[in-house]
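Each of the next two complexes has chain A plus one other chain: chain B in the first, chain C in the second.
Right after this comes the complex of A and B.
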């Protein structure tokens, strides 16, 4: 296989709290992403999925976050790169979109100016060229009458239109990698459908690789090639999308799939996962999921399981995988 | 048998802008003529996107706000005719659960005090039995009775929602209005709370008005579903009928818009273009005509009535009989593999 576009290896992030205790937010995360592919990172609140993406972008607060491991992107280790190098990469080769567009749109500049800024900064375009490019990008994300909208301020736009404007800004310099952190979570379903449709079309047109961070397994199933499932700071399962949904190999994934009410299946009772996630200032010994796992045994509570490859390209961090034999 | 709740022609306008002299110059028609019945022990879901008026209907049914027009009858009596004492007595029978349980729990009170308050107010049990009752309530919602001494911040989001449910149950209500009760919760916790709400309903014979934007959640919990768009019900039917054969173009678009966790599943997509129009100046005729692919001239001028068939499936669309087949909007009912089903069953058993 060719050199991956992005390779994350043994990423660890710890935050120092005010009380002197440290919280382990990301604990030995690793995955690779090929050019043009879409990787979904799935998990519930606090599993470390957003912290993982912020450390790839170099956006974690330097004072409180201790980061180790490596994140190789086109030959550069982003964790050790100088601030200047990161600034040159961000908005150019690497871009990010967020759940709430107003976190990345500045309310006091027009959307056109904000898209143009990236093109002037990274491509050395003249203001006139940059404005023309901004209009082109707005058309690209299917905003109607882009020649007028380019002079609008963010508050003039509806939620769905703002999300489009933010995507236009992220894609202005044709990045190799787009990180999308819950890009449709705050939107109504009919608007979410529009944005997912747009992302699908843009991906086909530009070939940008995407990391999609979400809690919504439906969104992942519709958009991603590969999936990473995170629990309590660790990758517990990694697989191509079809295999993950058909033959999940980590009990947490099994429970997660069983706990969503589905339109396409009849369920009398949801397979709720009992209990709550462990406290990460003092993570339990052994498997992090053991206390909530119906299949856990003595070893699971005592020793932390290593990642094992249960099938080609299918990794699970579970002593009891493959799971088939548990119910036969 | 009289239905528990009869909602008849309910209208609620909010003033959006006033002139210099305080005269209203713009009104939001949040609820624009809504009628439905709810039987004892039944769950009716109100579904729709932001601004469709679903939460306002919930607040009107509890008389937390006054209507512009229309009536809500609780066991046959119009609640808007109640005086203050009658209203307070009625509150015992109709309770509310919120989306954000934390915002609804007083951070300075222990969970025990929070649960005792309604018992005291409505004199549900004699004073010497209140503590015992609080413990029983906590056990009912799956919490440890010893937690009565703790404060709300010591609990996780799912546990706080359980406390909110316990407080609603304290006064032994007949109706609970659940306003997006699981939207703020993580998926695995959401399932715990949904299972709890269903179990409580079976055990106590409660009626729910379940307000949600999530059709998959609603499919799981509701007996009947009313789909709302810009203050009106556009379609109302038994849950099974609605998902098997959605009639209204808006219901169809909502169904086809929900991502389904079946990679590669075939489905027809009906993506609505544009945004929801402002409720200050909703379009004339059918509210959906600006976004509807099937709209004709009649839709632009004439409001379609909500017309029911003998099976109780009601639709507010001039053209629903002529629309194409809608069986491919949701991937056909799939089944998980036998192995996966057995694995998931282990989680169900473990939770019991």
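Right after this comes the complex of A and C.
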């Protein structure tokens, strides 16, 4: 296998609270991403998926976040890189789009200005060249009449258009890796489909590797090659998309899949996972999912399960994996 | 933009009308009779009657108001009963002094206040932040007269760098003019700087944690442009309004500070006029400062709109 574009190893992020307690947001996360591939990171709110992506970008607040482990990107360890190196990479080789297109654009500058800015910063373009490039990027993300839209302020654009403008901004310098943090969550369903479609086409055109962070398994199934499922700061399962959907090997993933509404099966109620996520200022001993897991036994509650390779390229952090024999 | 401006300018008319009515009405509530004061020791009834007739004090108040308003609209603010000079001349004489003092004070306040506010927000919870906050607390809680006296003691008496009192016009000698106004301007600006600093700090902290600042950082922008371009523009709009209102207050004269530094501005003029029941002067000065205040308010709104594209369309 070739050298991965991005290799995250044993990433840990702890936040120091005002009351002196620390919260472990990310605990030993590891995954790798090959060039041009798309990785989905799935999990519920607070599982550490956004914190993982922000620590890759180096955007966590330095005063409160303690980050350890390693994040190798094209031969550079992003966690140990100087601020200057990170700033040079961000927006150029590494780009990110966020959940809220409404608040992620600066209301005081035109979208053209905000796209051009990155081009001027990283490509040393003149303002005129950068503006031309901004128009080109708006056309690229299928914004109609980009020559006029380039001078629009964010409040002139609809949510979907703003997310397109964000994508144009992120892709302006042709990055190797695009991190999309819940890019469709704040949008209407029809607009969601358009944005996903756009991302799929752009990926085919540019070959950019994508990390897609979402809580929506449907989105993952449409767009991703591989999936990482996170729970309470840990990766609980990692597999190629087809394998994960066909044979989930962690009870949490099984629960997530069960909670997707389906048209081909009649059910009165959607399956839900009972209970709530553990308090991460004092994580429980043993498996973090044990209290909500229908299969948990004594050992699950006592000892933390190590990651196990249940099949080639399929990892699960469960004492009871493979799960097939349990559901018979 | 233009319809907005037109609407705002139209709104000025009723506002100014009510202001003039209030000024005129309050004036009548002041105890004491100007005719008696002017008549002097003898209080000759004939003289008093003549004065009353001359200044139309024998007419009903609404009639007096109409006469006054007629004069105001034709640029005549009346005549000072005490110094027998047109009020307009008195105002034009003192206004540049007060305007210079107010301008310098607000400049000092903006430079110190906004600067310290930005620094303390960017370096939150460091000694720079603590230092700026201590400075702000000191600025808010230091009485003007005390700071003024202290400055005179240090820079005039001990060091001999600046004149302790008096005023020189900038047209006569710019350096001497700045030297004569820098201390009172600093005293006035210092208190406002503290207020501006607190507001700037709060607004900057909020903006610095906003999503679009994170986007700016994700683009790899230098921290300088993140703070000065993306954060400051949005954080400073409320500060513009506050600064304009503070400037309006400064233009109405700073009685205490002008007194300490013996600067001949509006403050001294109006206090003297009130004590001497010099109605015309009080009315004239208050009308001018109220108009200035309202105009500044309008200018602040326009500036606010220019800085905020969401309000423009």
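Heads up, the rule we're going with is that the second predicted complex is superposed on the first by the 321 of 328 C-alpha atoms of A that agree within 3 Å, B and C clash if a C-alpha of one lies under 4 Å from a C-alpha of the other, contacts with A are read in each partner's own complex, and residues count from 1 in each chain.
Operating definition for what follows: a residue touches a chain if its C-beta (ideal position, glycine included) is under 8 Å from a C-beta of that chain, and two chains touch if they have at least 3 such contacts.
No experiment lies behind these values; they were computed from the predicted model shown.
Colleague: Quick one: is A:303 in contact with chain B, with chain C, with both, or with neither? Answer first, second, both or neither.
Modeller: Neither chain B nor chain C is touched by A:303.
Colleague: In this superposition, which partner touches a larger number of chain A residues, chain B or chain C?
Modeller: On the superposition, B touches more of the residues of chain A.
Colleague: Tell me which partner A:246 touches in the superposition: chain B (first), chain C (second), both or neither.
Modeller: Only chain B; A:246 stays clear of chain C.
Colleague: Quick check for you: in the superposed arrangement, does A:10 touch first (chain B), second (chain C), both or neither?
Modeller: neither
Colleague: Regarding the shared-chain residue A:158, is it in contact with chain B (first), chain C (second), both, or neither?
Modeller: First partner only.
Colleague: If we overlay the two complexes on their shared chain A, which of chain B and chain C does A:259 touch? Say first, second, both or neither.
Modeller: First partner only.
Colleague: Once the shared chain is lined up, is A:98 touching chain B (first), chain C (second), both, or neither of them?
Modeller: So A:98 only meets chain C here.
Colleague: Which residues form the common part of the chain A surface touched by chain B and by chain C?
Modeller: Of chain A, no residue contacts chain B in one complex and chain C in the other.
Colleague: What residues on chain A touch chain C, complex-wise?
Modeller: Contact set of chain A toward chain C: 57, 59, 63, 86-92, 95-96, 98, 100, 103-109, 114, 117-118, 121-122, 153, 155-156, 166, 169-170.
Colleague: So in the complex, the part of chain C that touches chain A is made up of which residues?
Modeller: Those in contact with chain A are residues 125, 210-212, 214-222, 225, 230, 233-234, 307-310, 313.
Colleague: State the interface residues of chain A toward chain B in the complex, per the touch definition above.
Modeller: The contact residues of chain A facing chain B are 44-45, 158, 160-161, 188-194, 196-197, 215-222, 241-242, 245-248, 251, 254-267, 269-274, 276, 294-295, 323-324, 326-328.
Colleague: For chain B, which residues count as touching chain A in their complex?
Modeller: My answer: residues 49-50, 156, 158-159, 186-192, 194-195, 198, 213-217, 219-221, 243, 253-265, 269, 271-273, 275-276, 330-337, 339-340, 342-351.
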